[in-house]
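Sharing a structure, written as structure tokens. Questions coming.
Letters are used for the chains, namely A, B, C, D and E, taken in the order the chains are written, and counting of residues starts over at 1 for each.
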Amino acid sequence: MLIEDLGGNILGTIPLGDIVLYLNPLHLFLFVTILLFTALISISRTETQVEAMFGSLDENKVAVGLKEFKQRRFLAIICGIATAGAMITGDLFNFTLFMALIGIVNIGIVSAVKQVDVLNSAYQYGLIAMMCGLPLFGGAAIILAATGTLSLFELASIPANPMMIFGALVMLVGVAGESGIAPFFASKAEMFRTPGSPFILIIHLSSLFIIVRFVEILLTIL
Amino acid sequence: MPKIAKLWNKLANPKNIPRLFAVILGLLLIVGFIIPMGLNTDQIYIRPAPQSQMDAGLAIAPYDRGGEVLVSPGVTEAQYPENSKNLGWINSYMTPIAELLKALSPYFGTSICASPGGLIDEILYYTRGFDTILESSILMMAFIIASWLAINFTIDRKEERDIKEDVKRAIASSDRIANEVEESNRKAREKQAKKEFR
Amino acid sequence: MFNLAIWVYLGLALTLFGSLATVWGPGVKDPVIRTINTEVASVGVSLILLTYNSTLALLTLIATTIIVTLILFRAISRLEEMGADV
Amino acid sequence: MVASVIPQFVPAFYSSMYTTALYGGLIVAFIGLIGIAMEKRDIQILILTDLVGLAMLIVVAAVGTDLSEALILPGLVVELAEIMAISEILISREMRKVDEGTSFTPMPLKIDMEIMTTAPNFIALILIAYGVFLSGFTGGAVAGGGIVIYVLSRKVRGLPIFVLDGVGAISGISWCLWIIGFIFFFLLPQYWLLSLFLAALGLLLKVASKIGLIGILMREEYGRK
Amino acid sequence: MLEFIDITTVSMALMIIGAIGVVLLKKPLDKVIMVSVLEAGLFLAIVSFKYLDVAFLTAVLDPLSIIVFLLALIKINNVRKSKLDDHSSLDKVNYIIENENSKGGK
């Protein structure tokens, strides 16, 4: 399938050597949306969680300290920018690197908290992110071997063969694991049980947008 | 039906997720064995056959891609040659030290190529430079996370951190333990009282 | 000249042997022994990179293997010291 | 004369070995993944993911072009970065489990290795000099290895936070150098030589300072009396 | 008769012996010795491919990995020994808390 069929006419390209970022209405819409969200998140404050303590009338306030707040806001902004970049990139390997960046930043956003449960799920998610190195980079390499190119423009015009489909499937598993969809949601869901909601929100948003973009890539190259 | 419920419960535990992921990925990789695989010979950035340059006795052996320093560009087959105006110039460039080294011995091709200039630099910095930006940002983010955790939690920085806070936390935790001990004492006493009453 | 394919086969064999030993080898219940066993697989991969003439990648692999080993050993010894059961 | 050395198509060796190497890589990955699925302890899984990373290197290297080599380097560094962050999270989680407030001092080590007093200066000097000559990722990793061994051999314990932050700032600034170099490549193509040096130097400083900081973390762990 | 002994066969033999030795030996320190045999095999392989600069760097980096192994093994050995003496870390924690408690005047 050609790129034009899915996202509308190409409005322009940003050529950076072999890596061409291309802009069509769909990608531009996703790009602008995620950047708006990032801007909102960067200016918003965090909430304070109040937990009732067990066995007494006191309550336990879980607030976000200033140092922690700065660290997490920085990582959240990077996460937003990385997601925005993944929306408009036109290169398969570049996309996987954006994916890896989003994965590591997601871990970082929750790593600064003090709850053991949250740290545990961040660790388990990190293990998945490490394993995802194989399906993401390996899948891109298999597609490269099958077609001799990594550019989405070229891949769109090459008819699919079984090896390409296999590479794309491997990549799909990688993206599913790294963004924590369907069977792998538990590792990420546990991470949300921590104060600092706007930063948690960007974890959610980034995986949502990445899935949309990857489905579009799959439809393009197959 | 109860089996499915059990399965869902298992999926809700984060500890099982990496293992589930590993199983799924492993099974998918095994599927790869029934799919016909083969290398498409029409690739970009082709390199010569292994050891052929070494056997030919070229001075910068595995990475000689032609060209003369600041005179003529080397051979680089990029995906979009029209996007890179100076394609091949970095490929053929060598620093003066590297040229000296090249004259000295024919066996230092790798270090000559790794010093500024050479084919890999052309790919990493110029034609696919954006990859390198991302990749070094990944390293930077990972390091920011690790060093933040290390400085704040895992390395001993007691003399520099405000000790008061530490003491406060310790008091709170010991308070909690004392409460728990008291609680269990109370329960034990109640049990005792019940027994005696009976 | 010797046959290059033999080197690739040797590298793959070493990697397979090393990974099998890492997963099911003798005494791998101890994380230290498991970490040392990964060294075999790493040398196998180095051999493949060498045969494919990716010498720069080979250099980087040798340097990063040391760093990864260092990080893993730090985690292992720190956990043992804390008496954590993971 | 040289141009004729570079072939039009992928040499027969690479295309004939491709399936063997790919299948080998897939089997290694499969073994590692099954090992992960059967393992219960967290630290063991962390070690086994290293195997999966090695399998990824084989799969990428099997393509056998210059591009695949350029793709291996990011893959390697990504694995290194992730293993560093995740092991730190594991340690921090366990420390929180044991005790919330009080900090933890690693046990000092009483060893007297001959090599730790005589060799490091020499090895570190060689490695750093060679790394500076190489530049880029490879040079950064090599020079970083030199810094690691130098730091490990010292007996002073740790560094104040200010210095740690300072070294971090150096790597941040060098990252900016490299970005400027990259932008120059496309905005002002006639200065490609300048941008090449900016990029090479920036990347070298960045990677080397990062790995050197890992060495400082280790310094705390293997602190000797 | 002995013409099959050249640098390539020797390096292959070293690597195979080293790999088997690393896996089959039980004690960590014995394993480290076999790791150095394995790495010597890799060094010879690089030399037989004529990449002398890579070989030079391998020769410098190999001792580094051995040092890392030794340091870590000695440290872990020490930790395990001291764990045998008092194998409950909980006591230590309680002790610290008690200390703080008395300091805080609670």
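Everything that follows uses one rule, which is that a contact is a pair of C-beta atoms (placed from the backbone, for glycine too) under 8 Å apart; a residue touches a chain by one contact, two chains touch by 3 or more.
Given the structure is predicted, the values throughout are model-derived calculations rather than measurements.
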{"item": "Chain A to chain C, fewest steps along touching chains", "value": "2"}
{"item": "Most central chain, judged by mean C-alpha position against the global CA mean", "value": "B"}
{"item": "Chain whose Cα centroid lies at the greatest distance from that of chain A", "value": "E"}
{"item": "Most extensive contact between chains (C-beta pair count)", "value": "B-D"}
{"item": "Distance from the mean Cα position of chain D to that of chain A, given in whole angstrom", "value": "23"}
{"item": "Separation of chain C from chain D, taking each centre as the mean of its C-alpha atoms, in whole Å", "value": "15"}
{"item": "CA centroid of chain C to CA centroid of chain E, Å", "value": "11"}
{"item": "Whole-Å gap between the CA centroids of chain A and chain E", "value": "37"}
{"item": "Contacts with two or more other chains, residues of chain B listed in rising order", "value": "18, 20, 22, 25, 29, 32, 37-39, 41-44, 47, 50-51, 62, 109-111, 114, 120, 126, 128-131, 134-135, 137-138, 141-142, 144-145, 149, 154, 166, 170, 173"}
{"item": "Contacts with 2+ other chains: residues of chain E", "value": "49, 51, 54, 57, 61, 64, 72, 75, 79, 89, 96-97, 100"}
{"item": "Chain A residues counted as touching two or more neighbouring chains", "value": "15-17, 93, 97, 100, 104, 107-108, 111, 120, 127, 131, 134, 144-145, 150"}
{"item": "All chain pairs that touch each other", "value": "A-B, A-D, B-C, B-D, B-E, C-D, C-E, D-E"}
{"item": "Residues of chain D defined as touching chain A within the complex", "value": "18, 22, 25, 29, 33, 36, 42, 45-46, 49, 52-53, 55-56, 59-60, 62-63, 67-68, 71, 74-75, 78-79, 81-83, 85-86, 88-90, 92-93, 96-97, 100, 185-186"}
{"item": "List of chain E residues in touch with chain C within their complex", "value": "8, 12, 15-16, 18-19, 22-24, 26, 28, 31-32, 35, 38-39, 41-42, 45-46, 48-49, 51, 54, 57-58, 61, 64-65, 68-69, 72-73, 75-76, 79-80, 83, 87-90"}
{"item": "Sites on chain E touched by chain B in the complex", "value": "49-54, 96-98, 100-101, 103-104, 106"}
{"item": "Partner chain E, residues of chain B touching it in the complex", "value": "51, 54, 61-62, 105, 107-111, 166-167, 170-171, 173-175, 177"}
{"item": "Residue numbers on chain B that touch chain D, as the complex places them", "value": "18-20, 22-23, 25-26, 29-30, 32-33, 37-39, 41-50, 52-53, 56, 58, 64-67, 75, 85-86, 89-90, 93, 97, 111, 114-117, 119-121, 123-126, 128-147, 149-151, 153-158, 160-161, 166, 168-170, 172-173"}
